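You will see two complexes here that share chain A, one where it goes with chain B and one where it goes with chain C.
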Partner chain A sequence: MSGARPARSRVAGALLDAAAAAAFWPRAAGATLRGPPLVDTVLLTLRLVVTSVPVVFAVTFFSGAMLTVQAAASLAPFGGGALAGIAVGFGGIREVFPLLAAASVAARSGAEIASQLATMRVTKQIEALEVMGLDPLRLLVGPRIVAAVVGTPVCVLVGCGAGMLGAQAIGAWQLGLDRGAMWSNLWSGIVAADLVVGALKGLVLGFLLGAVSAREGLVAGAGARGVGSATNRAVIRALVVVSCASLALSSAIYGRLAG
Partner chain B sequence: MRALALFGRPALALFAGAGRVIAFAPPAALRALGSGHGARAAVSQAVSIVARCAAPVVLVCGPIGAMLALQGLTLMRTFGVERALAPLCVATIVRELAPGFAAVVVAMQGGAGIAAELGAMRAADELDALEVMGIDPRAEVAGPRILGAAVAAPLLNGLAMLCGVVGAWVMAVPILGVPNTLFLGTALDGVTAADVWLSAAKTVLFGAALGAVCASAGFFAERSAAGVGRAANRAVVASVILVLVFNYLCNTAIFGLRGGALAL
Partner chain C sequence: MSDSTIPDSAAPEHTGGPAVLLEHVAKRFGDHAAIDDVTLAIPRGRITALLGPSGSGKSTLLRLITGLSRPDAGSVRVLGEELSTLPRGGLLKLRRRMGMLFQDNALFQSLTVVDNVAFPLVRVARVPTAEAKRRALALLEQVGLPGLGERRPDELSGGQRKRVALARALALEPEVVLFDEPTSGLDPQTSAAIDALLRETQRRLGTTFVVITHDIISAAAIADHVGLLVDGKLRAFGSKDEVWSSTDPQVRAFLDRRLPAG
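Here is the complex of A and B:
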């Protein structure tokens, strides 16, 4: 079906769709400012944090563990264990753990936002709201965006802690490094500002992943198939947007320090 | 008692889910391999997964390579070992970031797609229709997708390596001013051919595992629109976690044996 169309129109279609998706972001921001319903907002925020935190914990704990095993092996010629702790702590807190935490929130809660809104679209609940003169953006999208914006920084900080615990657990138990030295090496490259930057990145990434997921849910196609492919598109687009935005934020914040 | 239920219920669900995947996926994949049509379908599934994941892999792994170079250089200029940047970036990308993030992209794009597709077929009673016609949907529908993911993941891993290294080069050389000859001259010092092969082998494993998880999530989805969405969601979460756990276990198997002998 799509293979029959010439490549140029497919690229143009993809770009148009990306532009339409980006055009939704200001509308999503507007929806949060029009006063989303309080009770829904609080419940959805709690739900996002409670359901995403275990996923974030598992993902970042094992990525901390994996990075430590890898770094200890790679950095052995440069002085091994001490440098591995510093590198994992530094690279993990600044980049890897926030990015993976946001990706996990996108996978757990972003996909859920998309599949809920898509189900409502497919079962005509959103049209029903519109017919009754109610604003689905304010009632449905607003609370979910607020939940993502509030919940993602929490998840980023949990992810930073879990990643450090993973690195420490592997360093101490599997690689046999000194526990106290490992823990202080891990934190030696980090200042409090890095955690603040991580949380701020979490705010932005949370808004983006919430808006991307909500948009994909709202434009879902018909039937069970539409819900499935909306969920799929939401997850992968959120991942792409989150990793590009994470790079943009990092280079804006840390770029001039390196130069 | 309540605490036991709180932790026991998810644990039981986890074991039940894992058991279902193990009972479902390997026979499905083997039967697909055994039937000529299943094997051909696996090739076309692999092609379609590669086609759908290529753009996201480029868009995710390019920035990650650039981020690695940015933070790596910050750290290395502190220690005055700027010349170690390129080998460490390339080694980290080839060994870890490319297989890890390629597998995450395959999980989120290809895996969620598998779960959504099979879930929709379940919801529309198409899988039952196949069974009534005497066609085994495990061998003909689920198996080829599992095999396709296992074949597509290493191919996308190669693309991810390329994009990651290009991203790191773009950040290091034109933007941060590392000499081009230094970067290119030392780039391959950190990796051996064995690293590339091990990385490819890891992604075959990741692809097969996430294909199995996503196919069984879709295959056993509830028969409703909401059920299909939940199946795709569950499939993505489970396969991302699985990829990272496997990645750690693989690293321990590969480096942990040597890790004991590190001069610390």
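Here is the complex of A and C:
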């Protein structure tokens, strides 16, 4: 019984924290709409894309290759190993590559957003802005949200391309599938709308990972430990939120097709 | 001397009431009363030092004056504006009439020294960048840092960073400048140099300086008025001589432990 109370209070605390985190999202959107500084926004967007793309490329390239190996192995007993490209193309472009791309952005750039803002919080740079009569949300959060919203769709498209290249590479070079047929199968079920939907998903996931990371940075505790904890929390929470949102978006967009 | 009361002799040459007026202000954190029924008026155009040991509520008081924190009870008026009734926009405007030097300086590490000082000019006052940099360099010269504008804050000594923070705090020509432990972490010689700089700057500009410190030597060197906070209560407030000659046992206990003999 005595252990139940702390457990209950921990759950209540976690729920309250989740509610506070979600309540930050409209404020982050508001900060973005108030017109963040142009130069900072452009520089941060370029930085997000340039630093995230190599991570996204590596993660999605190898994921595409792994999906192909598994799909070919699963379909081979039915004589359909050559059709692995179709399964990878569908699942990869519509689900796996956008999610992995957004997760990679969360890990690379979300962590950076959180650590930058947390450092500014613990060194009182954010309070200095407030005392100057400036709005830290507009100056600091707005540009980072815009960078995530613009940069993540770019990373999603790069991830889709890299995943397809990984699938093609492993299919043609290791599994010995016909190169032309493999490439054709990969793209056979994909229409332009799938890529547009992927980019739009990237836009929503970008906003969420940016807002989650920024919020964790802004509420960082004291000292170097506070910065580390905030960064760690930002990555974990952004990954969870991005995964949930990805499922919700897929259900909303593709759920009807399944039915 | 009047303990916990509003002084009658608030800078006669400055009109418009005190720069900062607190009336029956209280702030609690859980069961702990960080500020307990504090009433004081900080006169315009003077240096007022708010002294007290660690944990006495000095920093909480500073946060209440800047509006970064709201009191649980009482009224805080800064430059005639009641903070509790000000909308956010009004509070941001009022803060533009205030400057602050943070204990750890809070300089922007990603900017050069001159860009740090020019920052409020460019972002708040919308001064064109070239003109803002020219003014920032002039301010850096005034605080004794000519030729260091292109360095980063982490390339400077503690005393030099303090001077940069002072230049930034003065950039918008504020009516009130707040200092949070301006000599904390500095060696005695550098502390004395910063004290002299504060004194000289205040005399030149006539601005209201509010200095939060636990350093009695520093307060003795620069302050016109002194307040003493102990356990969240204002134990004394008045001119430096009045407070220094106080017979209140708690005031004496704090002062006698720290003031050099003679």
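By definition in this document, the second predicted complex is superposed on the first by the 253 of 259 C-alpha atoms of A that agree within 3 Å, B and C clash if a C-alpha of one lies under 4 Å from a C-alpha of the other, contacts with A are read in each partner's own complex, and residues count from 1 in each chain.
Everything below uses one rule, namely that a contact is a pair of C-beta atoms (placed from the backbone, for glycine too) under 8 Å apart; a residue touches a chain by one contact, two chains touch by 3 or more.
Note that the structure is a prediction, hence the values are computed from the model and not measured.
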### Query
With the two structures laid over each other on chain A, which partner does A:L139 touch: chain B (first), chain C (second), both, or neither?
second
### In the superposition, chain B vs chain C on chain A residues touched
B
### Query
Thinking of the overlay built on chain A, is A:D17 touched by chain B (first), by chain C (second), by both, or by neither?
neither
### Task
Report for A:V131: first if it touches chain B alone, second if chain C alone, otherwise both or neither.
second
### Query
When the two structures are overlaid on chain A, which partner does A:T123 contact: first (chain B), second (chain C), both, or neither?
both
### Summary
Note: overlapping chain A surface for chain B and chain C spans 119, 123
### Residues of chain C defined as touching chain A within the complex
66, 68, 92-96, 98-100, 102-104, 106-109, 119-120, 123-124, 172, 178
## Note on the structure
chain A residues touching chain B in their complex are 55, 58-59, 62-63, 65-67, 69-70, 72-74, 76, 78, 80-81, 86-87, 90-91, 94-95, 99, 103-104, 107-108, 111-112, 114-116, 118-119, 122-123, 174-177, 189, 223-232, 235-236, 239-240, 243-244, 246-247, 250-251, 254-255, 257-259
### Query
Which of the residues in chain A come into contact with chain C in the complex?
119, 123-125, 127-128, 130-135, 139
### Query
Inside the complex, what are the residues of chain B that reach chain A?
56, 59-60, 63-64, 66-68, 70-75, 77, 81, 84, 88, 91-92, 95-96, 100, 104-105, 108-109, 112-113, 115-117, 119-120, 123-124, 171, 175-177, 190, 224-233, 236-237, 240-241, 244-245, 247-248, 251-252, 255-256, 258-260, 262-264
